[in-house]
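For reference, the structures are reproduced in the following blocks.
One chain, chain A, links the two complexes that follow: it is found with chain B in the first and with chain C in the second.
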Partner chain A sequence: MIEVRQLEKKYKRKKVLNGISFTANKGEITCLIGTNGSGKTTILKAIMNLTPLEKGEIFIDGKALDRETYETIAFIPDAITMMPSMTIQGAMEFMAEFYISWNQERATELLNFFKLSSRDKISQLSKGNTMKVNMVLGLALDVDYLLMDEPFSGIDIFSREQIASVFTSNLVENRGVLITTHEISDIEHLIDKAVLIENGKVVTEFNAEEMREESGKSVVDVMREVYQP
Partner chain B sequence: MSEMFNQREPVYLQVVRNFKEKVASGELQPGEEMPSRRELANTLGINPNTVQRAFKRMEEENLLYTEGNMPSRVTEDQSILGQVRSELMLDAVEHFIAAVKPIGVTLKEIQDKVEEQYLLEASQNGGDNE
Partner chain C sequence: MKNFVKLVRFEFNRFAPIYATLAVLTALIQLIGVFVTTNGYLRSVSEQKQSGIVNDSEIIANIGKMGMTDFVNSLWFLGPIMFCGAVLMLYSVFIWYRDWLGKNTFIYRLLMLPTQRLNILFSKVTTIFLMVIGLIALQLVLLYIENSLFQMLLPTAYFNYSNLNQMIQSSYYLMMFYPTSGLVFISRYSKGLLGLLVVSTVVLFERSYKIKGLIIGVAYATFVQLIFSAVYFMQFYNVMLYLFASEIFLISLVLTVVASTLSIWISHRLLNKKVTV
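Showing the complex of A and B:
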């Protein structure tokens, strides 16, 4: 379980996170939902220790973050972080060099799944295919938790469907996934839990199936109530 | 992706109903092997935990049975299969009644109309509906 407690963060004078607390379980897909600028990406960066915090604690399986716990978690940012001049093969070699948890077998499986060729240059890929490579680089790490920032943003419907089908496959099996999005309707049926964020605070968090069962509301219904009262 | 699903009803219950419809129509045969939970999640484009929950419900209702480590199979119990059919029919009839009630028609009118329309559609489908 990823546990985030009372995160506070300012950019200059602007408070971006104002006491964020939530949990994301292993074997589940948790979705951070919020409008642009609500602090979703900052939360993921905070978990990865990529941005300093004013306050707050983060635990992975009950342990504070240290060098060892970081081997159990991977971050897939919203834009690929590889050099554009690299080929996919080159990017994979780069990852293998840096991460003990790199699993080339799984990477190859993922490339086939996405119908990507390892000889292609990253700079010459379409936006959708660049995002797929980005996903491959993160998903091929043998980690317990995956953080993904807006994996569905700005790509065509078929690529979105392809990426979505990764979530139901054995490529994600038993791992904990924490994703951010502002377009939930595509993936309502994929997520276990929704965490709604506004103005740096958690407005509500709930299990999507329980919400449907107990109140007959979809995730989008709850969002309407929260964001457009 | 998951267009066959309604967003407001628990997805696992929709999976169970979909299964019952397939059993009633004969698309799924008694004793037929079910796909694994993972496969089904992938085909339907829904969360694997949801499929897991649907399987649990179907096992509780004795619609499925699992022997040891084998894949689950559709029940061969005739009384349960009969129940599925009458349950689906009752469901549809209830929906139908709820829909025609506000129009304020008599039972006789409804019966005649149902018969007329049923026969019409059967003849259009080349009479292959029995």
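Showing the complex of A and C:
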């Protein structure tokens, strides 16, 4: 379980995170929802220790993040994390060299699934294909948790559908996924848990299925209540 | 350790094409320089002969002999060395920023590697240091080749033979790179390594606190520089008359170790607690 406790973070004088707490369970898809600038990306970066916090604690399966944790949790940001001069093959070789958890078989499977050629240079890929490469590099790690930052942002509808279909495949099965997205409609039916953020605080968090059964509300319905009261 | 070696290899390969170009360019310019200098010299010799001086010893008395001791102070020789030095100095900063700036967010990947983040610092500093050592070793080989080339191109009477030691001793810059004493070698190269560590610390300060960090970083680098300048001036003005040269060397070495340790510690803190992507 990813446990985020009382995170506080300021950018200059603006408090971006103001006591954020939530959990994301293994085997579930948890979606962080919020307006632009609400701190969703900052939370993911903080979990990976890519940005310092003023206050707060983060635990992965009860342990604070250390260098070994990077073998159990992967972050797929909205920008490519490999050098543009590399080919996809070069990027995969880099991953294989440094990560014990790298699964080349799965990487090849994903390349075929996304119809990518390993000989292609990253700098020459379209935005959609770059995001797919980013997905390959994250999903081909045998990790327990996946953090995804806006995987559907700025890419065409067919690429979005392809990426969305990953969530129903065995590629994320039994893993904990923490995702931020604006394009909620693409994955609304797949979300197990939603965490709604506003002004640096968690406004509400709920189980999507229970909400649907008990109140007859979809995630979008709850979002409307929170963000457009 | 294994990850450190892998990272050094990776960093080295990233710069290898430019590094190889620098090495080839250095060799090429210096070798062309030997030909041009020899031609110029032989032209002077024939001008002397045309003016009626036929005796070799008289010509040599007028224009001197030609060899490496003259060539090592020419722009043909020093130009490429200075160019390589400038490129490597710039790259010691750019080696960090190339992972951060523009569309490139490779720093995400580096910081998320399942290894100590300090390895990122060590690999970048080691890469630059190895490249410097590599070019200095190449220059040593070039000195031999260029000396042989002068010998081939010049008539024996006009060739000024010099051994390696004489070549080095005739250039202030070569004496800097190839000190004759082992202790001076250690002192000089450890200071070079410290310089690279301090530059990296300044970059990490800037990456952690932006403009404020840059000011702190520059202040830190100035502070380190001032300490070493103080030792140098004390030595220069004989303030430490009661200390032997070996003791002053020891003080300098201890200061280098302390400043390097401090830089590594600060960089470790910044990389793990403060740096932001």
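Things to note:
Following the convention adopted for this analysis, the second predicted complex is superposed on the first by the 229 of 229 C-alpha atoms of A that agree within 3 Å, B and C clash if a C-alpha of one lies under 4 Å from a C-alpha of the other, contacts with A are read in each partner's own complex, and residues count from 1 in each chain.
Following the convention adopted for this analysis, a residue touches a chain if its C-beta (ideal position, glycine included) is under 8 Å from a C-beta of that chain, and two chains touch if they have at least 3 such contacts.
Everything numeric in this text was worked out from a predicted model, so none of it was measured.
When the two structures are aligned on the shared chain, A:97 is found in touch with chain C, with no touch to chain B.
When the two structures are aligned on the shared chain, A:186 is found in touch with chain B, with no touch to chain C.
Contacts of A:213 after superposition on the shared chain: chain B is touched, whereas chain C is not.
In the superposed model, A:45 makes contact with chain C only, not with chain B. Once the two complexes are laid over each other on the shared chain, residue contacts for A:23 go to neither chain B nor chain C. By the touch criterion stated above, A:84 is placed in contact with chain C alone, chain B being left untouched. Once chain A of one complex is fitted onto chain A of the other, the partner contacts of A:168 are limited to chain B, with no touch recorded for chain C.
Looking at the shared chain after the overlay, A:221 reaches chain B, while chain C stays out of its contact range.
Across the two superposed structures, the residue set of chain A contacted by chain B and also by chain C is empty.
Residues 45, 48-52, 67-71, 74-75, 77, 79-84, 94, 97-100 of chain A are the ones that touch chain C when the two sit in their complex. Listing the residues of chain B that touch chain A in their complex gives 1-2, 5, 7-13, 38, 41-42, 44-50, 53. Against chain A, in their complex, chain C makes its touches with residues 3, 6, 10, 14, 103-106, 108-109, 111-117, 208, 272-277. Those residues of chain A that touch chain B in the shared complex are 27-29, 161, 164-165, 167-170, 173, 185-186, 188-192, 209, 212-213, 216-221.
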